[in-house]
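What follows is a group of structures, each given as structure tokens.
Note that chain A is present in both complexes that follow, paired respectively with chain B and with chain C.
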Partner chain A sequence: MSYYLQLLLNGVIAGSVYALFAVGLTLVYGVFRFINFSHGELITWGAYLTLMFYTPPFSWPLFLSAIPAMALTAVIGFSQDFFIYRPLRRGNPITLLIASIGLSYMLRNAVRFIWGSDLRTFDFPPARGMEFGGYYVTGIQLLMLAAAVFFLAILYLGLTRTLWGKSLRATADNLELAAIMGISMPRVSASVWILASVFAAAGGILLALDTNLEPVMGATNLIKAFAAVLLGGAGNVWGALLGGLFIGIAENLGVAFFSPGYKDLVAFALIFLLLLFRPRGLFGLLTGVR
Partner chain B sequence: MKRWTGILACTWLLLSGLVSAAEVKVGSITPLSGKLSVYGEGFQQAMLLALEEVNAEGGIKGSPMRIVFEDNNSAAAGSVSAIQKLITIDKLPILFGPAASSNYLAVCPIAQQNKTILIAAESAAAEISKCGSYNFRVFPSDALQGIGVAELTHALKFDQVVLTYINNDWGVGLAEIFKKKFLESGGKILDDFAHDEGKTDYRSEVLRVRKSNPKAVVNLTYIKEGATILKQAYESDVKTQWLMGSASKSPKLIELAGEAAEGVIGTYPTFSQETPQYQAFKAAWEKKYPDKKIPVFGEYNYDMVKLTAKALRLAKSMSPEDLRQAMIEAGKGYAGVTGDKTFDANGDVGAVYGRWTVKQQAIQDYK
Partner chain C sequence: MDYILHVLILALIYSIFAVSLNLELGYAGLYNFGHVAFFGIGAYISALLSRAGMPVEGAMLCAMAGAGIAGGLLAVPALRVTEDYFGIATLVFAEMFRLVCLNERWLTKGPMGLPGIPRPAWIARGVDGLPVYLILTALAAAGVFLFVRRLTGSPFGRALRVIREDEHIAQAFGKNVLLLKIKTIVTGSALAGLAGTLWAHYISYISPADFTLTETILVVLCVVLGGRGTHWGPVLGAFAVIFFGEAVRFLPIPHELHRYVAPLQGMVYGGILVLIVLKMPSGMIAEHRRNGA
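Here is the complex of A and B:
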């Protein structure tokens, strides 16, 4: 029994990071109606920028390095929109999709160009995990969980309790009508991109702390975020959150029943099944940021 | 306008043809991007070192030798497009194949079909021996290494182990040979499962190891995956003896896993570091790349280029058959940095296996 509970625990922790990725992806989809393939690169950039501030010549402490890194990732996210997506928004949605794929390659190779394709780490010595009645959790895993809860709580409060949240939800509901009602579109779109970037960067930093950094780290995790978004119903923030957790738990529990070599199968199979039978997602209450 | 472009293109083609006629070109499919690029840069540097020496010795019958590098993004699909380009556009008769056996196996039928010589310097799958007559490799086959790991496990008196391996052609093939040999020698496998390539979270896999509470775990994997598994096992306090293969033997493993890599024991195809060939290679490497350590499989890549140059000098003509004969001829008794490179009927070479361990955060020979 304790074996399954430990698997569940690992799943929740992995899932909370997937949720951080998925929320940003679904938010962008909810408002702009397109899937941003370069979302994965924001994850990578967040992690590498933190490494940059953490290592010489800066050598700042980790928490201090994470702040400018998240801010710079937000600048990247915002510039993506400002320079590329905004001019294309009136066109065909396929154009946006292809532009985002191109952008993802460009950003990924920029990481390679600057930091090389070698594996990098934050060089933390591995520490024995803390034991709670037979369950093992590392400090970084706890940090992952705490950070996910923290960011998602801020998001919850922001969306439900503030005027900004209301205007965001209105825009997701109907972009044109919201604009007619006097909601400032540039402000809403800027906040969506900043939010999505900061969440992706935070997830990327946590992932890098837990293991290591490499230029494809974002792209490989993006598929999990996709599955989470679909599971929750595209555009649904709370759905993406639950979707992320669900995937984390499903793939970790799956290890008990089949070879872990096929772990990714869970995420991919879920995408297929959902697209076939529940295209609006399992938790698809209705589309839109709810 | 169109006509001018046409004429320009023709002139360019003609000119580039003239320029390249003076060079002897061979191709290389190298993982310069993607997940194997950790290794790729090192392969390339070793090849370039050998190339520099070949050209300093007068090249191939007076013409300089050149390697055309094609990136494969560390993937089978990328390797196939790379080989297509090297064969059909560059028309190169000798190619250095991609690392990772799955990538190599994806391209070797294409080389065979086009009568193009394909040489492997770091692909170990036993399956590769069946690639065909135009296939050569300077790296020993896993058929030998699988037996090596089984013998190591047996010699250390671990008769019950958990086996885990990376889920690709190389890992699966190696695991099968290990299993066969280990079971034959009376060993028992408590649990065996594959793990995915390129993951950051192997905690569930580690839990599965912990479930059988084994004295030893045979983990046939790469550097990054190996380091992550070791680290996450250490975090959840799994106390066991880790036994690994040659692909994890790298200072990078220790850099990534730190303390958690301490005490790992593994096997690797070895060669004497006392030979004059090795000493010369080492000196040349340190001169060309003073602040870089000799990379994993660097010696094999170096040997591959040197041996190919020898074959090109021996070849009566550049026809596929003459080149193939020249390769076999060049290999006969060839004493490279990595030992004897005499090719058998499958284009394979023999091997000697050594044992490595991690002690005080450094890779050392296990005695």
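Here is the complex of A and C:
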């Protein structure tokens, strides 16, 4: 029994990071109505930029390295919209998909170009897990959970308690109507991209602390984020949160039943089942930011 | 000389692959981002069957059929959703295929891959067989090209273009949109399977690492660069992409910079894809649109 509870605990921690990835993806979909295939690269860039500031020549402490890394990731996120997606938005919506898939490939290879294709780590000494009543948690896992809760709490307060959040939600609900009501679209679009990038970067950093860095980390986790977004109903922020948690738990519990090599298949299979039976998402009934 | 034959064979195989994707992406407007899965399914089926002793010709036909059936099986659930979601579903399908190949070691030998895939009995092994293999590939490519040209010029092809522009209009004209799309994907997948089987028997070794997102990007690039929805576009695109990739090998690059070559090439491919969509959306050959027709 305690074995399953331990897996559940691991699942919640992994899921909270997936939720960070999924929030940005679903927000972009909610406002711009397109699935950004290069969202995964923001995860990778966030992690690698942190590594860059953490290692020589900078050698800054970890928390200090994360801040400029997230800021630079936000610059990447904002620029991809400004230079590529915005000019394409008026045309055939489907060209955006080709552009985003091309962009993701370009950004991933840029990571390989700069930092190489090998696995990298933050080189923390292997820490003994702390024991809480028979369950083991590492310090990094606690940090992951705390950071995820922190970011998601800020998001919740921002979206529900501020005028800025209100304008974002209004735009996600109906872009034209929001523009007619005088909400500044450039501001909303900048906010969405910055939010999506910072959350993706934060998730990428946490993931890299727990595991390692590799150029394909973004692409692998993008699929988890897709699954989370589909679970929650595209465009629904709270749905994406729950979806991310669900995927994390399902994956980790799945390890108890089949070979760990198939861990990633859980998210894939979920996507298929959802598309087959509930194209509008499992939590589509919840009223979220839509 | 042998090297030129080798590049030509690769370019022709990629032409078949690109033409098959163009049927879906260019004519029917189906954004299949997992087309490499069918290339891979074709390659694996014919590799496994021919290694088990089946004549290569039979294995190739089985591979096409298998890829077509797999396409149908994917199309039925994936077509319940449109556009973006179809892209996700196909991308995920390709990753699932790769994961299964990596993990089912009893069948695919996992990451080790399948070595020693034979060529047809009447084609010599090694470089001696290159001219004959080139003829075989060229005949296959010509056959696929003519078949797709015929198909897209038929009422079926015209219906596909209507679906691409506006599904509701196609429906209003009494076309069974879902069935037409399924037929398109089955055909496109079977042709991708043909490209995959030609490739597997030519290269003689396959592994899951050959069927990644990189190959998807390459083939999408072939189609988009050459010109979506045109007969010659994907062929031209495939030759351009393959020749570019091979030409890079001849650049005088110092040994210590070698690790930068592949990523840079990837950046160029991705960057070209973005640039074409931004600056030259119709590609090198623009689709001929008849007004009022």
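One rule holds for everything that comes next: the second predicted complex is superposed on the first by the 286 of 290 C-alpha atoms of A that agree within 3 Å, B and C clash if a C-alpha of one lies under 4 Å from a C-alpha of the other, contacts with A are read in each partner's own complex, and residues count from 1 in each chain.
Simple rule for what comes next: contacts are C-beta pairs under 8 Å (C-beta built on N, C-alpha and C of every residue); 3 or more make two chains touch, one makes a residue touch a chain.
Computed from a predicted structure; not experimentally measured.
After superposition on chain A, the partners chain B and chain C are seen to clash. Look at A:S259: by the touch rule set out above, it reaches both chain B and chain C. In the superposition on chain A, A:L7 makes contact with chain B only, while chain C stays out of contact range. Shared-chain residue A:F226: touches chain C; no touch with chain B. Legend: residue contacts after superposition of the two complexes on their common chain; A:G129 is shown touching chain B, with no touch to chain C.
Legend: residue contacts after superposition of the two complexes on their common chain; A:I271 is shown touching chain C, with no touch to chain B.
Applying the stated contact rule after C-alpha superposition, one finds that A:F34 touches chain C and leaves chain B untouched.
In the superposed pair of complexes, A:A179 makes contact with neither chain B nor chain C. By the touch criterion stated above, A:R112 is placed in contact with chain B and with chain C alike.
For the superposition on chain A, the stretches of chain B under consideration are 45-53, 63-71, 81-89 or 243-251; the one running into chain C is 81-89.
Residues 109, 112, 117, 259, 261-262, 264 of chain A are contacted both by chain B in one complex and by chain C in the other. By the touch criterion given at the top, residues 29, 34-35, 37, 84, 87-88, 91, 93-95, 97-99, 101-110, 112-113, 116-117, 219, 223, 226, 230, 259, 261-262, 264-265, 268-269, 271-272, 275-276, 279 of chain A touch chain C in their complex.
Those residues of chain B that touch chain A in the complex are listed here as 32-35, 37-38, 40-41, 166-167, 193-196, 198-205, 207-208, 211, 223-224, 227-228, 231, 234-237, 252, 255-260. Contact residues on chain C toward chain A in their complex (touch as defined above): 29, 31, 33, 77-78, 80-81, 83-85, 87-89, 91-93, 95-96, 99-100, 102-103, 213-214, 217, 220-221, 224, 259-260, 262-267, 269-274, 277-278, 281.
Interface residues of chain A, counted against chain B in their complex, comprise 3, 6-7, 10-11, 14, 109, 112, 117-119, 121, 123, 125-129, 131, 136, 138, 207, 210-212, 214, 216-217, 220, 251-252, 255-256, 259-264.
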